[in-house]
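First chain written, first letter: the chains are A, B and C, and each begins at residue 1.
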Amino acid sequence: MKGILLQTDYHRGLPPGKFESRNSKSETPGFGFRTSDLGFPVFGLWLCGKLVPLLFLGLAVTGFCQGGSAARLPLALNIPAHESLTGTAGDYVTVHCDVSNRGNAALTDVTTYLSLVDNANRMPVDLEDWSAERGLFIGTIEPGQTFPLDWKIHFVKAGDYSLIVVATGSGSELPETSQIVRFRVNPKRNLEAAKVLPVALGEPVLLIFLMALVVFFRNRRIAA
Amino acid sequence: MIRHIWRKDLQSELYTWKGTVWLLIAALLFSFTSYLLLTDKELSLLDQTELLWLLAKIIIATAMLIVTIDASSIATAEFEKGTAESLFLAPMTLSDFILGKLLASLTLWVLVFVVATPYIIVASSGTHLAGFFLGYVALFGTLGVLGLLCVTLALSLLYRSSRNTLTTSLVVLLFLTIPALFGSSLKNSGAVAGFSRINPIDSIFSALDNVLVDYQVRLSANLRFLSPVVGFVVVGILFLLVAARVFRRRGIAGEMR
Amino acid sequence: MTQGPVEKDRLAEAISVVNLSKRYGTTPAVQDLTLSVEPGEFFGFLGPNGAGKTTTIRMLTGALPPDQGSMRIAGMEAGRRNEILKRLGVMPESRGFYDWMTGAEYLDFFAALYGLSTAERRARVDNMLTRTELNPSRNKRVGAYSRGMKQRLGLARALINNPTILILDEPTLGLDPQGQGLIQNLLRQLNSNGVTVFYSSHLLHEVSALCSRIGILNQGRLVALGTIPEILKTTGTQSLTEAFLSLTGTT
């Protein structure tokens, strides 16, 4: 009941822990007395004593704290075959990650994120051009279940990078991470101007020369 | 007999500049394409293999267009210039005539391919794809051109007019080329998907995409693209046989009074 | 119709045609044509424009399939076309040339089509160019030839395979007197050497000068066949011109 009411207050836009005063007994949260009957210090102590458990219960109902607040998620994130990630700028590759629930209970609201770091410049990479999806929402993973995920990544720029997958879920404030995968993106191949241009310019000239030769020898054979 | 017709037509291509001008046009087109691939800002964002695929499509399309235009007049010119009657007064069969003309047109394709070869080699530099590029263009290009030539020669025998033959041949070529220009999403829908599967030109482009962009260089990986092209050749040959039959029935001087 | 001798054994004849017919749509071009030409004969085939002469020649050479009738050339049925053509020399009405070729190249090309060896071709080409007085222009492009030179080149092409039977359709059309004289002399020479000549023309003076026997075609039908004196006698006329006009209904 208290949790529900808190939720109502919360949804009215009031910050948690703040309550409107109510006149009728039925509107009170069922405490059995009015707050105005007590002195301020006692009231304050009482308020704290009531609010904290209420807050805790409220959080429990809204699911922010399930089974313990600081415990890590029993998730295992593994990027297999990470050696094959190396490619060339312009390539599209698929990063595969297996997300496994190693706990005894189902994990809900599981969301995974991809992070990329430029090792040479020691800076995170803005994934806007690299991947269409930065975050993939899984939802619920049953105990013992492994969820395969694929990210299609476009190698935009040559360089040395590290990749990591991070997962969050209800049951812990702390995320879980995969292993750090290091890979290289080689510079994009291009046409070699030093080879292409001589052919592009020279071949038509050569053909014209050959045609002129044919005409010359033909006309020499034929009387005017 | 076939050899003499073939030789005569090749000499005609050479000495009347017909063939040589086409080769020059092809070379200029390939040069322009290569230059564009090298210098255009947007194109340079593409990977080299995608540039090769672009070049491959240009080569195939150019060759098919040149060969179609040339073949439209190689046989009909004999009737229009009045040399056909003299020619058929020699002890020569219609098959000799057709095969001689076919060989002459195929030789023009070979020459276009020879002109394209240096462009292919330099553009493929660094990719180890030059050999495969050449091989698959030779294989699919030759089959595609052969099918088109059979259709064009058949039309020549039926129409005996270079203008009508050229118009119809170009319409056929256009009809076969248009689906290749569709985006992949449109190609996946209904009738277009069905037509795309049997379309020889689409199959040629898809095979080259498979080889150059996806690195599927083994022949077994590209056999599925070969069947529509081979089917096109078979249809072309059958059409040519039917046209030859009609031609024989009408007679060499059939349209003359 | 005035008729010549009774039909002999067709195998012995150079050209034998029985009931040959051809229609263009509903229009009859040749109707029930029956004639024969003896080996070594100089046969004239006359008729006004549109009479069916060219159609007849095209059927004889296999360029047009007849609708009905049969024919034998050099003793062979029409089905053996390639073998017939090896013995036949034809100068058709439509004379197209490969303008980019020289005269020598043109003759050499056709000589090759008859399967002659290189040495044979060279000798044959030289011979033909000499006989048609085209030797000085042998290395000129045919496109640069005058009309008369092209006519002579056409005759040279017809003779390149040393034929036993020569079929000529209007061979002197448009030629000056010198050109006509040259061709006529050449044909007389060939005929005296045993070559059968089937000469189609509407030039009566030429036909009367050259031919031993003639056939006259009018509107697809053979209206006269025989020697010139026979035809004159039958028609009761004094000249071939009068006979021709009376037989073709233009008097």
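Here is the rule we go by: a residue touches a chain if its C-beta (ideal position, glycine included) is under 8 Å from a C-beta of that chain, and two chains touch if they have at least 3 such contacts.
Treat the numbers as computed from the prediction; the structure is a model and nothing was measured.
**Q** Whose Cα centre is nearest the centre of all Cα atoms in view?
**A** Of all chains shown, the one whose C-alpha centroid lies nearest the global centroid is B.
**Q** Return the chain pair with more inter-chain C-beta contacts, choosing between A-C and B-C.
**A** Per the contact counts, B-C leads.
**Q** Let me spell it out: compute each chain's centre from its C-alpha atoms, then which one is farthest from chain C's centre?
**A** Farthest by centroid: A.
**Q** Rounded to a whole Å, what is the gap between the Cα centroids of chain A and chain B?
**A** So the centre of chain A lies 50 Å away from the centre of chain B.
**Q** List the centre-to-centre spacing of chain A and chain C in whole Å, with centres computed as mean CA coordinates.
**A** So the centroids are 93 Å from each other.
**Q** Rounded to the nearest whole Å, what is the centre-to-centre distance of chain B and chain C, using the mean of the C-alpha atoms as each centre?
**A** So the centroids are 43 Å from each other.
**Q** For chain C, write out the residues touching at least two other chains, lowest number first.
**A** Residues of chain C touching two or more partner chains: there are none.
**Q** Multi-chain contacts only, two chains or more: what residues does chain B have there?
**A** 15
**Q** Return the residues of chain A touching two or more other chains; collapse runs of consecutive numbers into ranges.
**A** None at all.
**Q** Hey, which residues of chain B end up touching chain C in the complex?
**A** 1, 4, 8, 11-12, 15-16, 78, 81-93, 248-249, 251-254, 256-257
**Q** Quick check: in the complex, which residue numbers of chain C touch chain B?
**A** By the definition above, chain C touches chain B via 24, 58, 61-65, 81-83, 85-86, 88, 90, 92, 94-98, 100, 109-110, 112-115, 154, 157.
**Q** For chain A, which residues are in contact with chain C within the complex?
**A** Interface residues on chain A, with respect to chain C: 221-223.
**Q** Along chain A, where are the residues that touch chain B in the complex?
**A** That would be residues 88, 90-91, 188-193, 195-201, 203-204, 207-208, 210-211, 214, 218 of chain A.
**Q** Okay, in this complex, where on chain C does chain A touch?
**A** Against chain A, chain C makes touches at 102, 137, 139-141.
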